[in-house]
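Input: structures, listed below.
Both of the next two complexes hold chain A, though its partner changes from chain B to chain C.
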Partner chain A sequence: MSTQAARPTPPVNRSANTGQTKEKEKRPGGLSSRFFGASAMSFPTWAYALFFFVIPVALVIFYSFGYKPDQFTAIATDHLSFDRYPEAMSASFVSTFFATLRISLFGTFLCLIIALPFAYWLAIKVSPARRSLALALVMVPFWTNFLVRTLGWQIMLSPDGFLSQWMQGLGILDGPLDILYTRSAVQIGVVYNYLPLMILPLFVAIDASGQKLREASYDLGAGKVKTFLRVTLPMAMPGVVSGCLLVFIPLNGDYVTATVLGGASGSMVGQLIANQFNTAQNWAVGAAMAMILIVSTLVVVGLGFTLLKLGQTITARLNSVPLKDGRA
Partner chain B sequence: MSRKNTFARRTPTDIGLHIWGILVFAYLFIPIAVIIAYSFNNGKVLANFRGFGLDAYISGLNNDVIISSIVTSLQAAVGAAIVSTVFGTLGGVALARAPKGAWWALGLTAILGLTLVTPEIVDGISFLPWFVTVGVDWGITPLNNGLVRLIISHAMFSMAIVTFIVRARLAGIDTQLEDAAADLGASPWKRFKDITLPIAAPGILAGALMSFTVSLDNTILSSFVQQPGYTPWPVYIFSAVRVALRPEVAAMSTVMFLLTLLALAFVGFVLRKAGGSSTEIIKTMAG
Partner chain C sequence: MTTTAATETTPSTGLDHLEIRGVKKVFGDNTAIERLDLTVHKGEFLSLLGPSGCGKTTLLRMIAGFETPTDGAILLAGRDIVSLPPHRRPVNTVFQSYLLFPHMNIADNIAYGLKQAKVPKPEIAQRVREVLALVQMEDFAGRKPEQLSGGQQQRIALARALVNRPQVLLLDEPMSALDRKLREEMQLELKRLHTKLDTTFVFVTHDQDEALAMSDRIVVMYNGVIQQIGSGEDIYANPHNGFVAGFIGKQNFVPAETVGTESGTARLRTANAIMETTSLDRRPASATGTAGTLTVGERVRAAIRPERMRVAPAAQERPGTNSARGTVMSVSFLGDVIQYMIVVGDNDEILARVPAAGNELLASGTEVDLSWEAEDVAVYDCEDGVPSAEDGV
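And now, the complex of A and B:
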């Protein structure tokens, strides 16, 4: 990296600085270099993020300590309190909250279970020539409007839809298919909608977890199962982590899928928050609910990471012993 | 890449994996196929198939409300893609070239990371009062325009994606080229334009595409920031879900689906020309 060892005659504009080791960060040269320095270049992004994310979200956090003064005003903040938090946690909110959490966690789990063998197949078993096409096919639903895809499920699951009629015709069902507007329909829909977000990071991680290492593992006498558990899976862990994050976080705040497929029985926390802002016009309670949603999402993610770290420590300890034995 | 040993003989596991792969593909594609099939429904209600025909396409294309919502969506998506690509590229280049441990780089990474983990509904309820404060109370009138609101909020949503894609793209590349250009006397602007940008180009393109589709897909955030006359297409569909869905929705969605496929094929082509393997292309596209 040291560029100062044998450098040709420095250009005029930087001659003042020749002996400096850190010249990469500090390039003198008047106004233009100040504009193109890394820190200055980050300024617009900083400003945008501050003005359109940090401040508005901070405002909502502030609102959660306010109150609704009368029927016609959405928010007042002249005296602040924590009172909106217990108010937000009404019995119906708490039950919806846990139902949402269950759907999100179970949905993330199902996505992982479905996507892991699929991504493994895609990365290792599909011939490289066909893999591009297969990958492009995985991307297609990802680029289709997710609301429209959900409508596809609504048509399919409806009691007088074609699936219901076929299943009745084949004798699988006695009556019409009774799944639309239930929590099962919501579960099917969310797994479907977020599955590509799980497949892609898993694929990338498994693909990167080198063929060479797998072959080395076979050469050293490990079986297929052992190779998968000891080589492929540990190396795919970053993909598992990012896949779970990519699925769980948006899923936990989503309510569109649930509204389309779950109807009245599919209400999610996100819907309750939206109602506070749109219909009830009680911003303080809505903001408090939103804070509860964010904090709980972060807590679940944090717990997940802790479990992962713990699991890695344990497996690392377990794996370190038989390797020595195997060498002997 | 030799795969002789995996294809020499097919074990039961291999067969099982192949079947699983095909099943997952079926799962991924059936709802899309259903929508395309039902777009040829001549009936009045989407889910109730009454005869095959192109009625829905004709009446959809002649429906001013539908067309204007699709146009709004496309305008917002293009705008959001441009805004988030400009800001995200600057941010990504800055982060990739940041000295280790610089406070502004860590802070920006943290904030952008937060934007990614914030549920969309929270962004929605944050923008709603903020646009009123800035646009109405402070009198910055451009922010009262529905399209501007959509573009700003969508761009905020995808700026982090572009930033991280561009940063990842540049992270693997040494700064030697830029140093060499500097040594040879190139001005900072020339260095940026002639070296950094071309290297980052596939990432920038992928980021732009990503923010375009993220914007087209966006429902929750849009439903909060939308103004009368600027209802984007997903919000139109979402409100139709609660009333009555007509086959026009499926027909217009099929049209947009085909357009998206064309755009994707084009981008894939460009990325391939830029010399990336398919895996890399997917990596950049998926962020």
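And now, the complex of A and C:
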């Protein structure tokens, strides 16, 4: 946070008034008053980050070193240790953890491949007049409570729900739809819940990549697919990255979807953590689990970025022209 | 795509290279191009010149394939290309805003078209190097477009199109974003490239100086209609209608009435002068009008070029035929010429340009006599809806 507050302090303008600078520098508090001025102006930003991010995360870290002293107390921190971490890594936690990771990664991937053609269509094919309507329709689910929307899927996916009846009626299924309270139901639910978070940044990025550049690509002999792969997609990469982050990170910590649609066999790490805090009243183990989740999420994101960079470097190598000279 | 190795050796077939036949383009209720016929010769530098909204860019985009004609055919070397999508047409475009791909370096930008055409890599490298040398940008291959100035990006955009050896190079106001000095340099450069490459250039511009400086032929367009096709000199010296007369160069239009036609000359009366003209033709206001001969009593517009005006300090006697007395309202010294804005009578503003050499600079407010020759007076229909140059009403 402090870096953000410090950034706006302008460099001392030496070049403009070399003669007067020395005098100014001598004046007490010249730099620090400027520093505090900038901090004051960015108050809303750093205060928000401080109170809603830095302090809560610091508390979680702190609690993860504590312990549960007795049946009726959730946390004690008079004696700090790393002991809660091995305790948190139980066999059931580890298996749920990897299941969660699989749901998150696959869910992010599904969101991406569903959102990409849709965002492309929205940004390029839909007339600007209709576009705001289409975008509003994408946003409509957000007007309803997350839990209520997920409960809607519970009704839809239930063995005696209308989807099940239709599919049996059409002869697609022999018996009732047996998907509720499984990982598949959770997978469907998370894709549904997080899809708009993928569509919006992709739409913005594809929209910004520009029709004119696509024309230039067609003009140079590239068809629609080539133009998409060589021009539109590379230029929309920032949108792909932010969409994946927006979906993957909250999805990894989601527990509502899994609670409503997953039942016992479709649980996610988020539920285990929530259980430690709410049911077991063991904040120390809950905090340790949360830390494991946070760190592993960061590691996965970091790995993702590395793979992306690597991929971009490789494709750039493959596509570039090997000029002997002039490749500076 | 646009070129294969075969293209460069395509022999001149004797057919006219690019032929636009009866092309019409309608956007909703708005007709952008009205049944247009145009033939572009092989290796020619042809400019489409006209004010914005005249349809010149629409015509270019139809040749490139970005717009489909509502009607008509576009033939390239005898083959109708209307049904071909842009990426299958052997033409390339230099765009107004360059449109270099920002995520690729200069070499990759230039190589883009060759890669689509599946040219072997060593040949791509060779041709990219050649074209970079051609536009004198060898040292920039590894840079990103954002690191280049506007003029440099312009050269790269040109190289990116030319490297494909297109049968026709389309240029869509490529210099409008450059400053004047750079623009003049690029004009010379473009002319040099055209001479060297022998490619057909179709150049869209609203800048008549640019068109006059570079073109073999100029197509003047207005309201989706070709007003005149010809060389720069031809269009300037012999405009077929009032629009061309007013659009190319400066022109003094004066409302007049025909008062007599005798052997070889016609007499016109304007608010402040009697004119004699050797032109007995009345040219139309625009290409959609019809020409005719002058008849007595007809209301027309007389037109005289500013550089055909002579300016002298007012003499003792009143000026006679083909002359008028006025007052200098403003003087601009333009280096090689002196430009006067002279008010004749109540509010006839006449523009006159006299060579700076051998003529004294007359101060604003000086009373002067204007005079001109009968052969410098052209006569046009007065018709509403055709804008004329703002000077000389």
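Quick note on the criterion: the second predicted complex is superposed on the first by the 274 of 328 C-alpha atoms of A that agree within 3 Å, B and C clash if a C-alpha of one lies under 4 Å from a C-alpha of the other, contacts with A are read in each partner's own complex, and residues count from 1 in each chain.
As a working rule, contacts are C-beta pairs under 8 Å (C-beta built on N, C-alpha and C of every residue); 3 or more make two chains touch, one makes a residue touch a chain.
Everything quoted here is computed from the prediction, not taken from an experiment.
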item	value
Touching partner for A:218 - first (chain B), second (chain C), both, neither	both
First (chain B), second (chain C), both or neither touched by A:89	neither
Touched partner set for A:112, first chain B, second chain C, both or neither	neither
Which of chain B and chain C A:229 touches, first, second, both or neither	neither
Residues of chain A touched, compared between chain B and chain C (which is higher)	B
Which superposed partner A:46 touches (first chain B, second chain C, both, neither)	first
Chain A residues contacted in one complex by chain B, in the other by chain C	215, 218
Parts of chain C lying in touch with chain A, wherever the complex brings them together	1-2, 64-66, 85-88, 91-93, 95, 97, 99-103, 105, 107-108, 110-113, 115-117, 121, 124-125, 128-129, 132, 138-143, 160-161, 164
Chain B to chain A touching residues, read off their complex	1, 3, 5-7, 11, 13-14, 17-18, 20-21, 24-25, 27-35, 38, 46-49, 86-88, 90-91, 93-95, 97-99, 102, 104-105, 107-108, 111-112, 114-130, 133, 152-153, 155-156, 159, 163, 175-176, 179, 182-185, 187-189, 191-192, 213, 216-217, 219-220, 223-224, 233-234, 237-238, 241-242, 245, 249-250, 253, 256-257, 260-261, 264, 268, 278-279, 282-283, 285-286
Parts of chain A lying in touch with chain B, wherever the complex brings them together	3, 7-8, 10-14, 24-25, 27, 29, 32-33, 35-39, 41-42, 44-46, 48-50, 52-57, 59-60, 63, 75, 114-115, 117-118, 120-122, 124-128, 131-132, 134-141, 143-156, 158, 160-162, 192, 195-196, 200-201, 203-204, 207, 211, 215, 218, 224, 245, 249-250, 252-256, 259-260, 270, 273-274, 277, 283, 286-287, 290, 293-294, 297-298, 301
Chain A to chain C touching residues, read off their complex	212-213, 215-223, 226, 230-231, 234-235, 319-328
